[in-house]
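Two complexes, one shared chain (subunit A), two partners (subunit B, subunit C).
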Partner chain A sequence: MSAPVLPRTPRQRLRSEMWRHRHFYLFISPFFLLFAVFGLYPLLFSLYLSFVKWDGMTAMQWVGWANFLSMLDDEILRRAVENTLLIGMLYVPPMLILAFLFAQALNAQWLKLRALYRAAFFLPCVTPMAVIAVVFGLIFSAEKGVLNFVLLQLNRALPFLHLQPIPWLTNESWSKVAVAILVIWRWTGYNMILMLAGLQGIPADYYEAAMVDGANGFQRMRHITLPLMRPTFRFCGLLSLLGTIYMFDEIFVLTSGGPGTSSTNVGLYLFNISFNDFRFGYASCVGYTIATFVFIGTLILQRRNRREEGSV
Partner chain B sequence: MRPQRTPLQRTIGRTCLTIVLSLLALIFLFPFYWLFVSAFKTQAQIFTVPPDWLPHPATVRNFVDLYRETDLPRALLNSVVISGGHVLLSLFLCSLAGYAFAKFPQAPGHSKLFAFVLGTMMIPGAVTLIPTFLVMVKLHWINTYWAMIIPGAAGAFGIFWMRQYIGANVPDDLIHAARIDGCGEFGIYWRIVLPIAKPALAALGIMQLISSWNNLMWAFIVLRTRDMLTLPVVIYLLQGEMRTPYGMLMAGGLLTALPLVLAFLLFQKQFISGITAGAIKQ
Partner chain C sequence: MNNRKPNGLVSGLIIGCVIASVFWLLRTSPHSGAAESQTNFVVPAAHPEGKVTVWSWNIAAKSLQHLAPQFERTQPAVKVDVDMTGARMQTRLMLSLAAGVGAPDVSQFELTDAPRYIATGKLTDLTSVAERYRSRFPASLWDNCTRNGRVYAIPWDIGPCGVFYKRDLFQRYGIDPAKIETWDDYIAAGKTIFQRSGGRTKMLPLGSNSLRPMFEMLIQQNGGQVFDDQGRIAINSPQARQALAVIQKMRAAGICSDIALWSQEFLAGLNDESIATYPIAVWFAGTIKDTVKDFAGKKADWGVFRLPAITPGGLHVANLGGSVLVIPAQCRNKAAAWAFVEYALCTNAGQLEQYKSMSLFPAYLPALETPVLDEPDPFFGGQKTGRLFATDVTKISRLNRTPAWGEAIRYLDQELSRWAAGGMQSDGFFENLALKMHRRLDLPIAPPAVAANLAPQSPGEPIRRRPQ
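The block that comes next holds the complex of A and B.
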């Protein structure tokens, strides 16, 4: 090996340092190679596509800002954004509350069979959506579904509630609720695990000190657990919002976005204009615009979080 | 201050809580139960009102029909090859890069490159979907295993995950000693780092297995002919425009879900630690 004796200039020194660490660059090169082909190039090409009209077959046609302008009149896009927000509002709060309560219960030392409960609540996260959404389709079936059967039985037992069978998948409002229920079932366990990690991160002596001071369970929850869990709640909320925007499998299989477009979210809409309508230019434009808004929104939220946490 | 609760009150409270929790657990498990029993029912039994909580008589017709009418063994083979290939390749590439980022901190540009890797996690797949599909067309990878295995094989999360574990668990002295003994850099990775990193590899492997096995959208886009489809796509396509054979669908669904449920139950601990690590990074 002919190592250079004494590197003179900084540039030479850098070069010899890089040579000395050549295995480092070799070992990380697969990532950069794959990213260049399947990440960076698509990212740039997608930006270019945002300014063209193209169906993937015929010649591309440069249209300038026309795609961005047509987004303003895109009625279905507006509905998809609305649906995304509505579905998010329907499921995120109950899911996070449920996840927190589960985590709180699983964190209690007296509870027996904790691993069993944890597995039961978490199992939905690992099952293929293509399968389970069909099962939910059966459960939600209007005339012959289990859920409406249970509602009818409940109504017989408690007539004053005036419960009626619900057209889960055929009504424009209920289809969103059906999606929300499926998402709650699927993702509560995941959030429960994150919350459990958050709870276990709270030092035990905080609680011990509070007990010495005579704080009861309610006060401990209010003054220790909830304030210290705020970052976890925020993180889970942010993840869920992002998940709702780009959610695909759940809606694709359960409702296909219907009836009409009543449960089409942004993710499914993007898929439809890309691979059903083959509007590659317009779809790239929508994708980029949404991603930009999401990115800016995420940055603002995270900055605010950091500031608030810094001041606590 | 409220008076302390008596032991009796506490026992009653805890019992009530346990009952509520058990009921909720049963509700969460119900869809699995329904999948399981429906797989052994006839189409008519599936739609009886009131519902049959148990299939009587139970039938295996659905499984037979499924075997006759779809190319199930082939779909299973496709799923196994794709998921297996994806898991093995990503374990190799992520641990190799993770080891580099963990143990070569003096390499010029180390921290900037690592920040770049983490930054790529911010890119949503929805933006790159169409061009990535076009890349597949150009590479002639449409309707091949490559399209399913290669693109996500060196994910930023996997690299981060392996770096954290290797950084904390592989002693520097061990690496130095091996180097002095004349072991090559790849030999150090292969013979020293990998055996120590086995728990982290198991966790990453199960995470990759689940996402790869369940992948529906990408498979739907790039796989075209019947003989290349994976299990979830076959299941999805069984839903007809007019009449859906629900019994067959449930039987196929059961076979698709079962390997993952078993894998999860076996590697539960590793999988959950992986999720928690993913969150702490933020």
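The block that comes next holds the complex of A and C.
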């Protein structure tokens, strides 16, 4: 074998360095291999699928941009995007406010059994969806549901309110509300934990200093807690919005997207066109398009956040 | 920092090349399955041998498991292995059909899914061995198992419909089920029950999200279609409007419980007094027996009567559900696989054993003519329910289930639930639905004359394929 040659160019130097540390590369290679097979390949494959017509079994048919064009007059997709935004607007604000209030309460010094409450609030998001489906089906049932029973009893006690049973799952508007209620119940605990972390990250000195200056509780909340919690709110809000787009099991078990398509969101629509209709090409195309919009939207939001933070 | 830019360009180029090469590879990869089609038919063997794996689910799988030893006695060289695959079987099967490896030798499909899979060309052509059984199955099922005159699947069970009712409630409120001839009579009886029970008992579960099965039963009774014989959209027809009118009448009468199929209330209604009847298919008998045996307290007293007709003298039958067995084209032991399918589905011994063990209602007509179907069922007060459901199964009208069926039916489902949620405005309902299907499925709409004449030949005539 020839004697080692001193590397001359930076590239050759890089190569020899890599060879020298080859064991380390070997150790980190499993991640990259797995990522290539289960991450990168599907990513590229679905990009390719966006340009074909394919039912998963027969030969693929190259259709070019046709999938993208047919998205333009896909009324169900348009409906699904609208529903996603509506459901998001229905549940994100109340959920974040609730999560903040609960976090604030759990953060209070005088509270006993804190771990128990924390676990209790967190429980819904680790409960299997099949169980939730049964329980919420009974809560929202139009004829025998708990909620409508309560409404009827209230109406009996206070007839001047004119309360009527609500067709939770069988009305195009109420179905979204029902989904929103389920999502709030399920994900408030999760957001509460994030908020709690945010609250605990605020140094106690600020409050002490404010108290020395004579600030009351409301002022401390207004001028210390809320401004410093802004990044957490933003983070939770962004996560929830992304969650709404790809939300699936909540809607699937509660309404299956109905009545009509009134509670079909993008996630459920994608599931329907891919795994019910086997239109994998079109589904990939929709998936890619939505993902691109989400990516751009997130970028813009982040830019704005950074600019705001810079100006503070 | 300066050398960053060229590097970025190079890595961009490399990524671009990778993407392009993946595209190129995918574009040129063979997905045609041409190799499979060479042996895409069954060569029957006098003495088949080897192992046959079967994918199936639920009761159907248990039924085949139960049947396997009996079959193995007739064919000692064949070993049957039934795999109860349960959830996501469709996905698994689809993947293995697409990949060309991994599919079982025999697989179950729901009848409604069969045309879609048949169209892929990934199933074995059974014509040479199965054609002789054509007349021994109801045409309504057989036609869904064929494509361009070739046979790719064998009907397994059939789901003739009837009305399960609670005898005690009918007696208490003075209703005679024998006098319910039409859906109008049924609605009138429902109103009586609702009034006399003080609003406690509704006639049937018919939630706004679950209207499609009822609609499907009704269009089978009056000969309506979703697609015509050429696969064109034929939903905008007088028959479909008639079916919708019946549903509207039922819902407007206030006799329907607005609950979803298979929901908790739906099942609870099987033993309490909230619901008097369930118009549904024969397999529901198994659900009732299975569910109420776990309920505490007094059990409801069940009976069955035939499906009401839409008009006096009309058809009293319809079909919901039913399965088929297929042999994927990649099966290597087609002779043994066919021997099992033939024994299980095309013999009295195979079909009746499954009827007796798991109540799978035979699609095989000779089995329906045997006295086994005349045995009284103690659960239904000694009624001969087998015979009741077997009556007129050959008259069940054929729904043209094209490969687009599943998707079309979902749009039907969506529009029906929207219709019910929005106050049942029927004007323009089917025009809009046909347009929606046309846009979504990229299929032409049948001319109005075709849609109008779709069906009813005189009731009693089996409805045959129109000349093309």
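Rule of thumb we're sticking to: the second predicted complex is superposed on the first by the 292 of 312 C-alpha atoms of A that agree within 3 Å, B and C clash if a C-alpha of one lies under 4 Å from a C-alpha of the other, contacts with A are read in each partner's own complex, and residues count from 1 in each chain.
As a working rule, a contact is a pair of C-beta atoms (placed from the backbone, for glycine too) under 8 Å apart; a residue touches a chain by one contact, two chains touch by 3 or more.
Since this is a predicted model, take the numbers as computed values, not measurements.
> Looking at the overlay, what does A:Glu143 touch: subunit B (first), subunit C (second), both, or neither?
Both: A:Glu143 reaches subunit B and subunit C.
> Return the chain, subunit B or subunit C, that is in touch with more residues of subunit A.
B
> Could you say whether A:Ala99 touches subunit B, subunit C, both of them, or neither, answering first, second, both or neither?
Touch partners of A:Ala99: none, neither subunit B nor subunit C.
> Determine, under the contact definition given at the top, whether A:Ala59 touches first (subunit B), second (subunit C), both, or neither.
The second partner, subunit C, only.
> Let me test your reading of the model: by the given contact rule, A:Trp110 touches which partner, first (subunit B), second (subunit C), both or neither?
First partner only.
> Of the partners subunit B and subunit C, which touch A:Phe275 in the superposed model: first, second, both, neither?
The answer is both, since A:Phe275 touches subunit B and subunit C.
> Who does A:Asn171 touch here: subunit B (first), subunit C (second), both, or neither?
After superposing on A, A:Asn171 lies in contact with subunit C but is clear of subunit B.
> Check the residue A:Ile251 against both partner chains and state whether it touches subunit B (first), subunit C (second), both, or neither.
neither
> Can you pull the subunit A residues that subunit B and subunit C both touch?
Correct list for subunit A: 41, 45, 56, 134, 138, 141, 143-144, 275.
> For the complex, which residues does subunit A have touching subunit C?
10, 41, 44-45, 47-48, 55-60, 62, 73, 75-76, 134, 137-138, 141-144, 167, 169-172, 255-262, 272, 275-278
> Which residues of subunit C touch subunit A once you look at their complex with the stated criterion?
Interface residues on subunit C, with respect to subunit A: 3, 18-19, 22-23, 26-27, 31-33, 91, 94-95, 97-98, 116-117, 119-122, 207-209, 257-260, 263-265, 274, 406-407, 410, 413-415, 417-418, 420-422, 436, 439-440.
> Contact residues on subunit A for subunit B in the complex?
On the subunit A side, the touching residues are 14, 17-18, 21, 23-25, 27-28, 30-31, 34-35, 37-39, 41-43, 45-46, 49, 56, 102, 105, 110-112, 115-124, 126-132, 134-136, 138-139, 141, 143-144, 146, 149, 185, 188-190, 193-194, 197, 214, 216, 235, 242, 246, 248-249, 252-253, 266-267, 270-271, 274-275, 280, 283-284, 287-288, 290-291, 294-295, 298.
> Over in the complex, which subunit B residues touch subunit A? Could you list them?
Within the complex, subunit B touches subunit A at residues 1-2, 14, 17-18, 21, 24-25, 28-29, 31-32, 34-35, 38, 46-51, 93, 96-97, 99-101, 104, 106-108, 110, 113, 117, 120, 122-132, 134-135, 150-154, 156, 159, 185-186, 189, 210, 213-214, 216-217, 221, 231-233, 235-236, 239, 246, 249-250, 252-254, 256-257, 260-261, 263-265, 268, 271-272, 275-276, 279-280, 282.
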